[in-house]
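Chain nomenclature is as follows: A, B, C and D, assigned in order of appearance, with residue numbering initiated at 1 for each chain independently.
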Amino acid sequence: MSVKVGVVGGSGYTGGELLRILAVHPNVEVTYVTSREYAGKPFTAIHPHLRGFYKGLKFSEVSVQLMAEKCDTVFVNTPHGVSSSLTPQLLEIGLKVVDLSADFRLKNHEDYRIWYEAVHPRPDLLEKAVYGLPELYREKIRSATLVACPGCNSTAALLSLIPAFEQKLVDVERIAVDLKVGSSEAGIKPSLGTHHPERANVMRPYEAEGHRHVAEVEQELSKIAGKPVKVALVPHAVGAVRGALASSHVWLQDPNIDETDIWKAYAARYGKEPFVRIVHGTPFRYPDPKYVIGSNFVDVGFAVEKRIGRAVFFAAIDNLMKGAAGQAVQCFNILHGFDERAGLNSPPLRPA
Amino acid sequence: MSVKVGVVGGSGYTGGELLRILAVHPNVEVTYVTSREYAGKPFTAIHPHLRGFYKGLKFSEVSVQLMAEKCDTVFVNTPHGVSSSLTPQLLEIGLKVVDLSADFRLKNHEDYRIWYEAVHPRPDLLEKAVYGLPELYREKIRSATLVACPGCNSTAALLSLIPAFEQKLVDVERIAVDLKVGSSEAGIKPSLGTHHPERANVMRPYEAEGHRHVAEVEQELSKIAGKPVKVALVPHAVGAVRGALASSHVWLQDPNIDETDIWKAYAARYGKEPFVRIVHGTPFRYPDPKYVIGSNFVDVGFAVEKRIGRAVFFAAIDNLMKGAAGQAVQCFNILHGFDERAGLNSPPLRPA
Amino acid sequence: MSVKVGVVGGSGYTGGELLRILAVHPNVEVTYVTSREYAGKPFTAIHPHLRGFYKGLKFSEVSVQLMAEKCDTVFVNTPHGVSSSLTPQLLEIGLKVVDLSADFRLKNHEDYRIWYEAVHPRPDLLEKAVYGLPELYREKIRSATLVACPGCNSTAALLSLIPAFEQKLVDVERIAVDLKVGSSEAGIKPSLGTHHPERANVMRPYEAEGHRHVAEVEQELSKIAGKPVKVALVPHAVGAVRGALASSHVWLQDPNIDETDIWKAYAARYGKEPFVRIVHGTPFRYPDPKYVIGSNFVDVGFAVEKRIGRAVFFAAIDNLMKGAAGQAVQCFNILHGFDERAGLNSPPLRPA
Amino acid sequence: MSVKVGVVGGSGYTGGELLRILAVHPNVEVTYVTSREYAGKPFTAIHPHLRGFYKGLKFSEVSVQLMAEKCDTVFVNTPHGVSSSLTPQLLEIGLKVVDLSADFRLKNHEDYRIWYEAVHPRPDLLEKAVYGLPELYREKIRSATLVACPGCNSTAALLSLIPAFEQKLVDVERIAVDLKVGSSEAGIKPSLGTHHPERANVMRPYEAEGHRHVAEVEQELSKIAGKPVKVALVPHAVGAVRGALASSHVWLQDPNIDETDIWKAYAARYGKEPFVRIVHGTPFRYPDPKYVIGSNFVDVGFAVEKRIGRAVFFAAIDNLMKGAAGQAVQCFNILHGFDERAGLNSPPLRPA
């Protein structure tokens, strides 16, 4: 069975990654891909890796009418503020939407106003949207019509901490999530900050006073904790193209808790997850995004320093895969009842 | 239909890449993988990317007996000098062998003696072996029992030049192939030369007086030219993990030849090749290994400077894929009558 | 005036960096350099950048006798456990020692036993040694005979936090120092972990349960706080050759404190320091080791998130300079009454 | 003695590198630095490495009047086409000019028209300008008022070949110079081609049909050869920030010439050059820009393959130093009678 799929916003890195996955997805026919900048041009005008694929297809302008004709499901991959006006139209004509923008992640429109500095045009849809983290909302995604995929940093931060929060292992008042990310997270648009001579070899903090992804992390962790949780989250650009690592520094509720107990909690929680791998024991002792590149896996692990009753939980993802396009396809598979691994079953690339 | 496959030499980068491809190959069951160093250990002892794959399998010692029981076809992925004694035993018990070592590439045992400084133990098999470059020997591979896969540098050098030689476009007396390669080409064994602080950011010539891969390049080009051809081939380590680019500097037989004529010759020759993509025209004007990473593609292109009657032909590959494991699987697919793209159909990873 | 200088341990990266600095130091004559592995060989046997420098000098075996004859001051740059037996001999014959090893950093020999798993042979010298962080101990260094230079991670961690601790701005019970470091920090000896294909593009936590540098950080912060302080410190290998960044996550004592007040505290504390630069305000908003490469500078900065009463303090260094050889020369300059900037006055290299 | 120096074009990478060198040059006082984009702003607005240097100085608009008042010598570091109109004005008011643009490198205004697609406004000055390669024109530079510094690629190409041409060792009809360069060569302006995700890990040919630097290389080699020489020159962007390597592939006039003879020719020619280092013999066998980073050295070496009568000559430089700012300062030193090494005497940075 094949679903007719549209991609709104196909000329950036997440768009290119969606097209890379969907090109060989057994249940997908890509019928419609938009790009304002490249409308009328072949995908190879901006995606040299796609040479030889999608022959005959070209980028289109956005047309709800055409999507109504050509698509069953649409991946909406626009800047925030754009999806919030387009997605309602797509829902209205009966399409399912997997939204990769930030527009439907927050449940509270007041949070949206604060973090995105804009009034949300359709607060009614915020409740209807399902937050697209399958490890939390798989069942809801199955019957959703609108999936709001998490940000890449949020995905890593949340997956590092969910079992620890659920099992009440940590002091939820003092959470410091230190993130390291590759350059592809900045998207395809050049700037001085992403200029190779400036971006190579960096260890550069950014948005250190409160990155927008904090909002969704706090929303989800608060739900689990049953009370408002505030999180310090500081991303750093580091010398890689792909990858995001969350190092979540915490203090343990019970300083005498055993490393094995923590391992058990994580193994139990994530044991059946198709894309979570628990990393524990030598060699390759801790998660490193390097070993998930090109795949939808998240490698999760941790270290405990009993001496001072603290731990650090790690989650490593490919920011374009589990942090964006891969997770969107995972949600798409769940939504349509396909094998959750369809199109996502290859091991990571290594070395890379 | 599923072939039972063994891999001799599974703990290096080419071995890990074979296992990455074969894990999702629709016609393969991997039954036996050897490693002297890691015998008895799970693949993850050295291949962190394979977490969650090949559950139950461990590295074995090399046993011809066990391969006889467990395998139909064996990928032999050993240092040269090892395959030449193992492969004959495997052939004798009726297995098919796809050899990734250098031991059966040269037709003339005297060449082997000169370039590999050893007497070949089974010169009789040199004629029987088929040089595993499908673009030259697809038909022979179909019925081969022993395929000798080309070296990575040779693959790039040859694919850049084959149409030019076949169409007698260039002065075959003056060929300078300048190669750029990523660090994975050096294999998994650490050394000062591959130590990250020394290897990062290099532009380092190596084996500049005559790299061993020259022998096979000269052998194949001489066959095409119908006379002995000597090639200057100088590899350079550059700042990347994967990738190899051949820049073949030549002088044109007819200085007035049109760029379009050259393009036609290349397009005609490679038009039906499933893994050759011709790169011509802006943007992304010339081949760059960056845009084939993780795939079995070779991107081929060229530039002509009429002013001085010279051209440069480029071929870009992922050295672990079209330069090693990918090409071996391509040969395996041909050998077994599978779709040549089986297990190799994903687009490259980008950005990477 | 010129001091005759010896370097024990000249064939690693810190040794090479000392030789790079000392080659053009106006007050130094290098007379003696040791290397067990390269004794009898010219420096270029391992230091290609030094071609053309130090003509006539070769690596020697370690001889206290020869150092007595040839040197006034010795940089001891050995693994820990070696300096503790050599340095006392050098002091005995009247030499001054700038020690780059960990052997004399801790004041309490019990701490040494715990963290370095060895009994210290000369606990009496621990008190005599001056911790070589000029920003804390400039006056003591002036009259020292033994300076124990801090570790690279410790230097970054301490310099990020000293003013905050002195001004009692932060909750000293909850300090999480997240470090990112380049590959040169691992030294010149190759291993799988530093093999380029494995080390490139990493975001790899290591020694996450308690890195040895914690001991000195806690020692110095406890002194300032006037009570025992425990620090969570987690280093991460990231994709660069040089550089170390400390991101010290803290919670503020007074959540209403102004960013400007913090800036004032740091500016006041570090204003006259020749190698501390305060980074504040756009562009290039936060410290990044990229912009101190090749220099002895430490760039210090911070971000405050009032919403949750937390801050993060950053310190960026070149791990081989302010984190090792540069700081050692700075101490040497102070010790000998030279201009503190002698040999260290060049701006950083950029881009690099 | 101190010369008052102006820099026209101070906000790019070459400008920043000039400022880095001149900050500690013993005979220079920088009095005037221009930038159209950053006029009125401190240098740190674009040069974070210069924090703490040049206090009080800001970028100015270009004013010949002000340069007349403030400067003795001006480094003109503009795009080609700008210098050709500015430099004559500076010369007229009696200033000396070290020009880093391409405007005065070619002796023949017809060549300029062809390669730069513009009519040269002051062909009379082309003869007066001295080509700023000290290894060829040291004596002329001493008495010059206008020095036209070579391009980075030209510097590497020429220095690899000069002794071979002078000694008539090679077939001058078949010269293929394959260049590898770091990303800083593209300057400070961002573009898709220099965007980190696209630029990292590349092996990307560019301007492969005839790079402009060919014109000066052919001009100088023709002079030496005594007849018109045409050169194939193909640059490749590779994965590094700094560095340029020329690999000049040639065929030998006498195929029996000994490697030692070639070495002697090079050693004799370059033996007294303060910035040329001959690389020969293990380890670190061939030149690699990695080992000249941050310095004005050019490392020159070669490999000979007697079997086919060919050789390859290598020259490795830091493109911003010997390829631009460093060489400009070297010319400045010669012009003013200073020690040629003034401001340029530090060893390279390693590892970097």
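The rule is short, and it goes like this: a residue touches a chain if its C-beta (ideal position, glycine included) is under 8 Å from a C-beta of that chain, and two chains touch if they have at least 3 such contacts.
These numbers were taken from a predicted model, which means no experiment stands behind them.
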item: Chain whose Cα centroid lies at the greatest distance from that of chain D; value: A
item: Chain pair with the higher count of C-beta pairs in contact (A-D, A-B); value: A-B
item: Centroid spacing, where centroids are CA-atom means, of chain B and chain D in whole angstrom; value: 38
item: Approximate Å spacing (C-alpha centroids) for the pair chain A, chain B; value: 36
item: Centre-of-Cα separation between chain D and chain A, whole angstrom; value: 46
item: Residue list for chain B, restricted to those that touch at least two other chains; value: 13, 182-184, 192, 197, 200-201, 241-242, 288, 293, 351-352
item: Chain A-facing residues of chain C, complex; value: 174, 176, 178, 180, 182, 197-198, 200-206, 208-210, 230-232, 234, 236, 238-245, 247, 249, 251, 285-290, 293, 303-305, 307-308, 310, 312, 314, 316, 351-352
item: Parts of chain A lying in touch with chain B, wherever the complex brings them together; value: 13, 16, 19-20, 23-24, 44-53, 183-184, 241-242, 277, 279, 283-284, 288, 291-295, 297, 299, 345-352
item: Complex contacts: residues of chain D adjacent to chain A; value: 13, 182-184, 186, 188-192, 194-197, 199-201, 241
